[in-house]
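The same chain A turns up in both complexes below, where it pairs with chain B and then with chain C.
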Partner chain A sequence: MNAIALLNAAKDGILTGSVYALMATGLTLIFGVMDIINVAQGILVILGAYLSYALSVHLGIDLFVGLLITIPTLFVVGVVIERVFMARLKGPEKTAMSILVTYAVSLLIEGTLNTVFSVNVVQLQASYVTRSFSIGGVHFGFIYVAGFVMAAVLLSALYFMLYRTRFGVSVRASLADQTSAALVGIDVRRVSTICFGIGVAVTAAGGMIYGSTNAFNASTSYDLISRLLTIIVLGGMGSLGGAMLAGVSMVFIGDVVGTVWSPVWSTMSYFVVLVVVLLVRPQGLFGKQSARVA
Partner chain B sequence: MAETAPFLRFTNVVAGYGGGDVLKGVQFDVPQGGVTCIVGPNGSGKSTLLKTVSGLVKPRLGEIWFKGENLVGQTPRQILRLGVVQVPQHHSLFREMTVDENVELGAFLVKDRKVIAERMAAIREMFPIVAERASDKAGSLSGGQQRLVEFARCLMLEPDLVVLDEPSMGLDPKTLRSMFATIKMMNSMGRTVLLVEQNARQALKLSHTGIVLENGRVRLSGSGIDVLNNPEIGALYLGGSIEETKHAS
Partner chain C sequence: MRQKKNLWWLPAIALFGFFPMWVSNPSYMAIAVLTLLYMACATSWNMFSGYSGYVALGSGVFYGVGAYTMALASTHWHMAPGAGMFWLVPLGGLAASAVALPIGWAALRVRRHTFVVITIATLFIFQNAAFNFSFTGGSAGIALPFIQWNASYYNVPFYYVALGILIFITVVSAVVRRSRFGLQLLAIRDDEDRALGLGVKVAAVKRAGFTMSAFTIGMAGAVYAMFLGQIYPQFAFDPFFDISIALMAFLGGLGTLTGPLLGALILEASQQYFTVSYPYLYLFLYGALFLIVIMFMPQGVVVFLRDRVTKKAEREKAAVASNEAAVAGVAS
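Now for the complex of A and B:
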């Protein structure tokens, strides 16, 4: 092993990890505002990938241009899911029930995708997907760099929205305490619906990059959701910054360990870090210990 | 002869949380311009009653009239627009936001930036803690300081009715005095105050009206002093009879 190989591994970790961070941010935003664990997030990423696939194969629309359609579409899908299923969940069992309900939603989408697209694996194709360039011996796949830039832009936009807009103030207040937010006049119901929409909309971008770099079918969602859930647990449930850091860390640690020792330890290494962190901080890196007790 | 609409009127209010009714037909008026204090043992429905005013709990039966508008069925946001603000029992500041951000959120429903700036300036004069700790995170303040900032925040809407749910909870004696002085100040500014307080003696002393709630019903009402001096109520709810207290002092 040499320094170049290590640099390549670190680079892959950061570039790919940023896309996971983007997908996990949607998941943690939904949990933070609504106390809902959306286990359908994995299949929604795959839905995003299939939408990009359909636009590309059947209408010849470029993968990145297609995001102008798929992101708003998935926002609407998120709003519909929230209004039809999530708005009905109330009371102390809400979070536990949300796992069952979103799992049912996940099965519904999975069945539909299998029917429409079959169970055969596909991968998104474009001329630039396989293109790469090299800087100082370190290779950069175009699609990975594009995914990183897109994730950085979308996460920056999300941060701008949260910290520089009036709507962002209402989201942060709802994240902290829904009752107190309602008592200063914030429409927590509306904030929840829009946040669910945003949380789902980011899966369109994540799905496009994921589908360009991996062969997928509807069942791929199970691997994805397990990764996304571990990311938000490590970062701290409801913490946006935590999801970003944990998303990048997950792939970074796995890739570096895979290069330094053996690919056999790659996936396991992340879970070792997860267990160690949770032993010291059960609430995750940036989670609040008693945030959801009240 | 046309009757003037009461400032705030509870008419046979029945409410609870799904596991049975906590309020079982509450009926009383809150006069405009005064301080009305509700006392009663734990579980009598005091906090639930305040939640029905701010829209956090929807009554199953009955009506709550505020200046001619029925509050039942309205959202907390709509009720705020009518000029009713509540400071809840638990500390309600957003801990990760600064004191300034928290206070400004009190005027979330006000769109005009100029109006918000004017009100912020007035609040900073009224509550020096807001100016002194403007950039500090609200979570770094002591319990008493947080309570004062909550009071400051609730005034940003210039409400007609301020609803306070056990504001003295967890405060030391010195802060307690300052807190009661602030309630007096709010009232002298023309705000009607509806207050639930465990620290019943002190609260009733400064109240124009006292209401005793028991098992979800109004057991007694009168002036604050009358309620305070009622021996039966003193024995039952205020930790010993008033007579005993007089002899002791």
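Now for the complex of A and C:
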């Protein structure tokens, strides 16, 4: 244990955490606008990773160039899931039902991925995946930095869309109150569909980085989704800024705990942090103190 | 009227009671034991989550705690392998309830959606702890005292113990459903703030329901550990278990008594069948079956069928009434 090791852990936490923040932002956006908990987000990340894998292995398309194909593809997947399954969910049990339906969807995808790609773990390969550079004794893996930059760009784009465009105003209105938004003439259905598409599309980018920094197969998604859910609850469900802060701080805390004590406790630290925070602030860091909803 | 109708349990008990005498194939019996355990767990889960509307997805914690209690107690006390170990089953239930107390205290402070996620988190905390603590044997797990029963007979004691647990929880769940406590849980589901306003001690009622529901799941976990003879963290604290029992209750009909029983019977049996017949595609088939049921029978199979029957009866009644009216019209 020395200062350099701690610095490395902090750096990893911030770089990797930003990618988690990106994936969690999609999840919290979907929840905020639609009151839907998309449990399939984990497997969709893996689907994104497998798409990048297929493109690079079979067609020789570079991972980053491949995103131009995988991001729109997953957007369409999201829109289809929303139209076919989510649009039918109504009534007081909507959120609970959404967990079950998206879980069933994730089983469908998991079964398909197991059949198509087998259950052997793979990892995305490219010349730059293993390359790194160092500044003042701190090593930077190229792919981690690229992931951080990409997450920052995409999150900025998302923020620009939400706060500087007319569509963004509709989204924020729907986030605040769906009924009122519909009353002032916002097409909440359309906003929901597009938000679900966007929320799923970010998994393509997240999945590409995840797939090149971790070996994965379809069942890796359980670990992912539990982390992502923890992040959005910690940040406050439906809060975009909360998801980002929580994403970075969760991985940061996990990495520091892993360095200071032992890596085996790093996964557990997320959950302990979550429980402690919720005891003090039941609505999460930035959650609205919402009315009781069924 | 309601009392007269509810005699479904008589033939059901007879059917389950005599099942091992017709079916001697050990692999079918093993599926039957697991199905009974799942039926008990789904009913117990429904007794809290179905009645109160607080969907818990971390019940695997109680299953795992029950399983580890059985494994640790039987090995540390050097129990003779055999039927004597069944005495530890209630201990597994008590341990699970003891664990549920602090979890419920922490997790039930938050709103429904957050509650779901916290319960998921607790499962991973426990799984991680089981991997990393030394007394749980880490990833190598724990081997229980080896029971040397004849293979053709091995499953039968487990079958009847599981059936006993199932009958126990079905009776408890039925009693709760008709009691004041059950009404309070249902009131929380319908409108928690109003229930609070009307004087229901919602926090205490929720905690009590949560702890009670843990007991049976813990007992089932203890039987499961003994049945397998060896436990590992990922089997004892299994995320698939959480979602499975919730699915079973939803599939059959959330908040009903027979729903979880029927849901578990259909799902566990079909899952075992799919797993064996289609080792790669079974998840796909399972997911598809599940989606079809949710999309077309969102209230669950039991409610769907009941509505069908009552609607048919109403239609017949209406038809008879209009006939009579027509006859009366002709007569006059």
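Everything below uses one rule, namely that the second predicted complex is superposed on the first by the 291 of 294 C-alpha atoms of A that agree within 3 Å, B and C clash if a C-alpha of one lies under 4 Å from a C-alpha of the other, contacts with A are read in each partner's own complex, and residues count from 1 in each chain.
By our rule, contacts are C-beta pairs under 8 Å (C-beta built on N, C-alpha and C of every residue); 3 or more make two chains touch, one makes a residue touch a chain.
Quick caveat, the model's predicted, so the values are computed rather than measured.
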Simultaneous placement of chain C and chain B on chain A, clash or fit: fit
First (chain B), second (chain C), both or neither touched by A:D177: first
C-alpha centroid angle, chain C to chain B via chain A, nearest 10°: 80
First, second, both or neither for A:T267, with chain B first and chain C second: second
Dominant toucher of chain A (residue count), chain B or chain C: C
Touched partner set for A:V169, first chain B, second chain C, both or neither: first
Partner chain(s) touched by A:L278 [first = chain B, second = chain C, both, neither]: second
Contacts of A:G185 with chain B and chain C, given as first, second, both or neither: first
Contacts of A:A104 with chain B and chain C, given as first, second, both or neither: second
Which superposed partner A:A96 touches (first chain B, second chain C, both, neither): second
Nearest-approach distance, in Å, of chain C Cα atoms to those of chain B in the combined model: 14
Chain C-contacting residues of chain A that also contact chain B: 294
Sites on chain A touched by chain C in the complex: 31, 35, 37, 85, 88, 93, 95-97, 99-101, 103-108, 110-112, 114-115, 222, 226, 229-230, 232-233, 237, 264-265, 267-268, 270-272, 274-275, 278-279, 282-284, 290, 292-294
Residues on chain C engaged by chain A in the complex (per definition of touch): 53, 55, 57, 106, 109-114, 116-118, 120-122, 124-125, 128-129, 131-132, 189-193, 239, 243, 246-247, 250, 254, 280-288, 290-291, 294-295, 298
Touching residues (chain side chain A, partner chain B) in the complex: 91, 169-170, 172-173, 176-177, 179-180, 182-187, 294
Complex contact set, residues of chain B against chain A: 18, 54-56, 75-77, 80-81, 85-86, 88, 90, 92-97, 101, 105-106, 108-109, 153, 157
